[in-house]
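Read from first to last, the chains carry the letters A, B, C and D; within each, the first residue is number 1.
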Amino acid sequence: MHIGLVGIGRMGANMQERLREHGHEVTGYDQDPGVSDVASLEQLVAALPAPRVVWVMVPAGEITHAVIGDLRGLLAAGDLVIDGGNSNFREDKVHADDLAGHGIRYLDVGVSGGVWGRENGYGLMVGGAPDDVAEVMPVFDALRPEGDRDEGFVHVGPVGAGHYAKMVHNGIEYGLMQSYAEGYEILAARDDLVADVGGVFKAWQRGTVVRSWLLELMVRALEQDPDLEQISGWTADSGEGRWTVQEAVEHAVPAPVISAALFARFASRQEDSPAMKAVAALRQQFGGHATKPAADG
Amino acid sequence: MHIGLVGIGRMGANMQERLREHGHEVTGYDQDPGVSDVASLEQLVAALPAPRVVWVMVPAGEITHAVIGDLRGLLAAGDLVIDGGNSNFREDKVHADDLAGHGIRYLDVGVSGGVWGRENGYGLMVGGAPDDVAEVMPVFDALRPEGDRDEGFVHVGPVGAGHYAKMVHNGIEYGLMQSYAEGYEILAARDDLVADVGGVFKAWQRGTVVRSWLLELMVRALEQDPDLEQISGWTADSGEGRWTVQEAVEHAVPAPVISAALFARFASRQEDSPAMKAVAALRQQFGGHATKPAADG
Amino acid sequence: MHIGLVGIGRMGANMQERLREHGHEVTGYDQDPGVSDVASLEQLVAALPAPRVVWVMVPAGEITHAVIGDLRGLLAAGDLVIDGGNSNFREDKVHADDLAGHGIRYLDVGVSGGVWGRENGYGLMVGGAPDDVAEVMPVFDALRPEGDRDEGFVHVGPVGAGHYAKMVHNGIEYGLMQSYAEGYEILAARDDLVADVGGVFKAWQRGTVVRSWLLELMVRALEQDPDLEQISGWTADSGEGRWTVQEAVEHAVPAPVISAALFARFASRQEDSPAMKAVAALRQQFGGHATKPAADG
Amino acid sequence: MHIGLVGIGRMGANMQERLREHGHEVTGYDQDPGVSDVASLEQLVAALPAPRVVWVMVPAGEITHAVIGDLRGLLAAGDLVIDGGNSNFREDKVHADDLAGHGIRYLDVGVSGGVWGRENGYGLMVGGAPDDVAEVMPVFDALRPEGDRDEGFVHVGPVGAGHYAKMVHNGIEYGLMQSYAEGYEILAARDDLVADVGGVFKAWQRGTVVRSWLLELMVRALEQDPDLEQISGWTADSGEGRWTVQEAVEHAVPAPVISAALFARFASRQEDSPAMKAVAALRQQFGGHATKPAADG
């Protein structure tokens, strides 16, 4: 197939390369002329055969919204827009309705795999109409990992379902990472017993219940920096963990583990915790307990 | 009554004063000669009428254990030792059995109220034999707050029960403090809406569901330092929160709130979190995500 | 003052009574003619002196929205609507803007105190313009508890701020209640040590760090039903706990305690937990561990 | 090698089979004569060449303690006992010291892999003296998975270290399982979007960040019972999750995720929650809120 790809950042560039290796033609557009095949969205649209398929791979939120707005003005009825970014599934409905008003079709795709996806293939979760999904299947087959299609690709449901599944995927990911991380800290707390924490993680790679791809990455990280001395605990969150917790709350689903993992990230970015200042102040009030002045914090 | 009091620190001195105001004779012993009435434990024992009652009010753990060991060698059969410190209830059985081997009686007392206890009276939770409790009741009546006895004093059960109840009291206290503290931070997060967080806490003192003594202390703290600028979030834990969680775990009682409050204190004392370093390292491995070098942490 | 009150349910009726006792004239309207002073909203509006003040005290959400929509069509420029229900603070902006388009003013008020408010007074948190707040102050003064105004009333900030503060108040309340509840269960887990859990709570009412109004209610509940045999653990949540967690998540505020308290309520209403079915299924897969067939659940 | 194996249950029988397939001689003893090679521990000891190696594979706690006590009386100086059960690492020191008094050596081994270990090999974590570990290496090599030794085997440290690492492994496992489980429930909460939850899990097996062995088991479970209708949420815990949390608490390591996963298991086994009864009772006290009588719980 010949598709357009908007956003040639780290993820977009990797996907473009993988698609080309699998024989697809990909015209890429990016604000950075150094990585762009065309000079404008107009030229991108002009370069594509009708009905056009344009895959949007830009940071979620405002930017995705703006790009889709621009495409709505440039594309023709019958064309198809795919949002492959980490968008909130609630926005898919907005985008799909907006485009549908102009006869333009819409798919949302959750893409997992990070920087390893170019080589391993990407896990794909798709939302949208069955016919639209079928039309783009050659592209999905090129992006997804080798092997059975249904082990690396799923048509989850209607518009929004792809990003919903990706959202939950990332929520789970938060919990998994925090589980390994707590285990790491508990192992490291007993250096009288555990001489080499990295060696323990390494030995868990075969045969154990906790073996996983994340575990393998943990092994790599500890091989590169056995005591994690080169890195701080400051950890970003990308939005999907938050949406997972908010969605759980909205549907009255208890999510203690995913929310705890999310809160640990929030806390990691605080220079000092306002809440814990309040606890320290309370202790000082009732017990005259020692506190640390802010300068020592 | 005439009793001995071992440990004339902040708590001990306040209790001594309150007991004397209520007409009791209190011979105090402390390692610090400046606050001690006698020069040694031997002199303390010699100064008391038989059967002697000695109230131990020293930091829990090793020190309590040592003092009780010393008293065992100095007291006579029929005497009575009271541990009023924040001891682990599991140690009460050890101490009681040890003393019982010499005919010495034992009570454990959980004491709440902090520095305000001298004026307001102390909440008392007692474990031990009914006859022993009855014998010391005049002392308990002097220490507890005015009003109905059963609103500030309780004979919880056999030896250990007093400290068990105090342990749970403190576990609850952790949860209460963290609840107010999280609320403080959520209020402070919206300074576009909430001009004066302290004013909101102040207004909660009458009529609301959340009114409490801790709330009043929160109001005082925010009056003294409206943005808690003078204090860091570094928060100690005294042992009882840990025991509460460990006891909950042992008896298969879900304790998500009390444990979350405890973990927040642990985290407040970490310069950087080993667990969050692990999460950051994992994110870097799979996504090439930005991290902060340790120096920036 | 003479005001209108829409919604004469349990809360509304109590407030009406308290206002009348304090000398205010209150014309009440309710769908139930048995408790209503007038037959329609139109009659309510007709009965009030201009500029009219109408206090809306109906269940939050759709119903509040509908009542305010109706009032917008009936009131005149210069009139004032007060939403005293448990509305989401995000809706206040919508309502205020909507009414402002017709020159109608708006205040939002968080009201705490439950069924005890009629006697004790209600804790009031108000959002809106200072002049509007000042105009209604006689009503606020009648509703709030005796004593210093700023210990039972606060003008938190602009429109929305009153409900925001009430939302956080209720989030804190969730954490406080769960703290006492976990303590209750840990005490009850050791009936070899703690003969009378209710007696322990009773003794915490004076002198201790955990004394509070909720503790007093806990004492009452345990006096009426010492083992809580007449009640199930099924616990509703009213929305404000959810909004507190969602707001915390949106502002990257760690809220482990309030969210744990919320999730415990969600779990209390599940006949069986889908998540725990999944855990049980996993254990069965890897270990051949015993599970319970669904019928036994 | 020729070793003795005490405990021919599900795990023991599988391990015996795998060892024999790899050319080792294994004399097994079990209380059940149907699976035992010898009639008594005495006969087992008599059948082994000196220095004897006896691998104990019985349920942890009392039973392990009893078996090791029996072996101490039967074995000779220079013999070697291996505890391969899920024992608490704190007991290893006790057992090792006890045996050392008779010149008997001791290793502790954490064994992971469940019922799949016979085919895939077992992940092994070992504590003890380097010479003892080296002596038993042929047995470890037969039990561990094919491939590099250090990807399925680790000599963690001195006595106790093997079970410590296994304890943390299981703690992590609790967190991982709960993460997938919460994700399952959040997916299932939106059946308007997610038609086939099992299909989503299936598609995560290749390319995604969350791929793991547990995920594959989840796929199997959902293929066998797509809505988990045949299973209840009642979930046991085997001790190691509890020890992990208690150890974290003892070393002031925040472990919000692992503890939340543990508490979810506790809650899954409660017919009704005493804590939530207390919350419901409190709500009834202050708000007259609806509760459910116990019979409806």
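The rule we apply is simple: a contact is a pair of C-beta atoms (placed from the backbone, for glycine too) under 8 Å apart; a residue touches a chain by one contact, two chains touch by 3 or more.
Please read all numbers here as calculations on a predicted model, not as lab measurements.
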Chain pair showing more contacts of the two, B-D and A-D: A-D
Farthest-lying chain, centroid of Cα atoms versus that of subunit B: A
Whole-Å separation of chain centres (CA-atom averages), subunit B against subunit D: 37
Intercentroid distance (Cα basis), subunit D paired with subunit A, Å: 33
Residues of subunit A whose C-beta touches two or more other chains: 114, 178, 180, 182, 185, 209, 214, 253-256, 260, 263-264, 267, 273, 275, 286
Category of the chain touch graph - line, ring, star, complete, other: complete
Subunit B partner contacts - residues on subunit C that touch it in the complex: 89, 112-114, 117, 120-125, 127, 144-147, 150-154, 156-158, 160-161, 164-165, 168-176, 178-180, 182-183, 185-187, 189-190, 192-195, 199-200, 202-215, 244, 247-248, 251, 253-258, 260-261, 263-264
Residues of subunit D touching subunit C in the complex: 10, 114-116, 177-178, 180-182, 184-185, 188, 214, 217-218, 220-222, 225, 228-236, 256, 260, 264-265, 267-268, 272-297
Touching residues on subunit C, where the partner in the complex is subunit A: 209, 237, 242, 245-246, 249-250, 252-256, 259-260, 262-264, 266-267, 269-270, 273, 275, 286
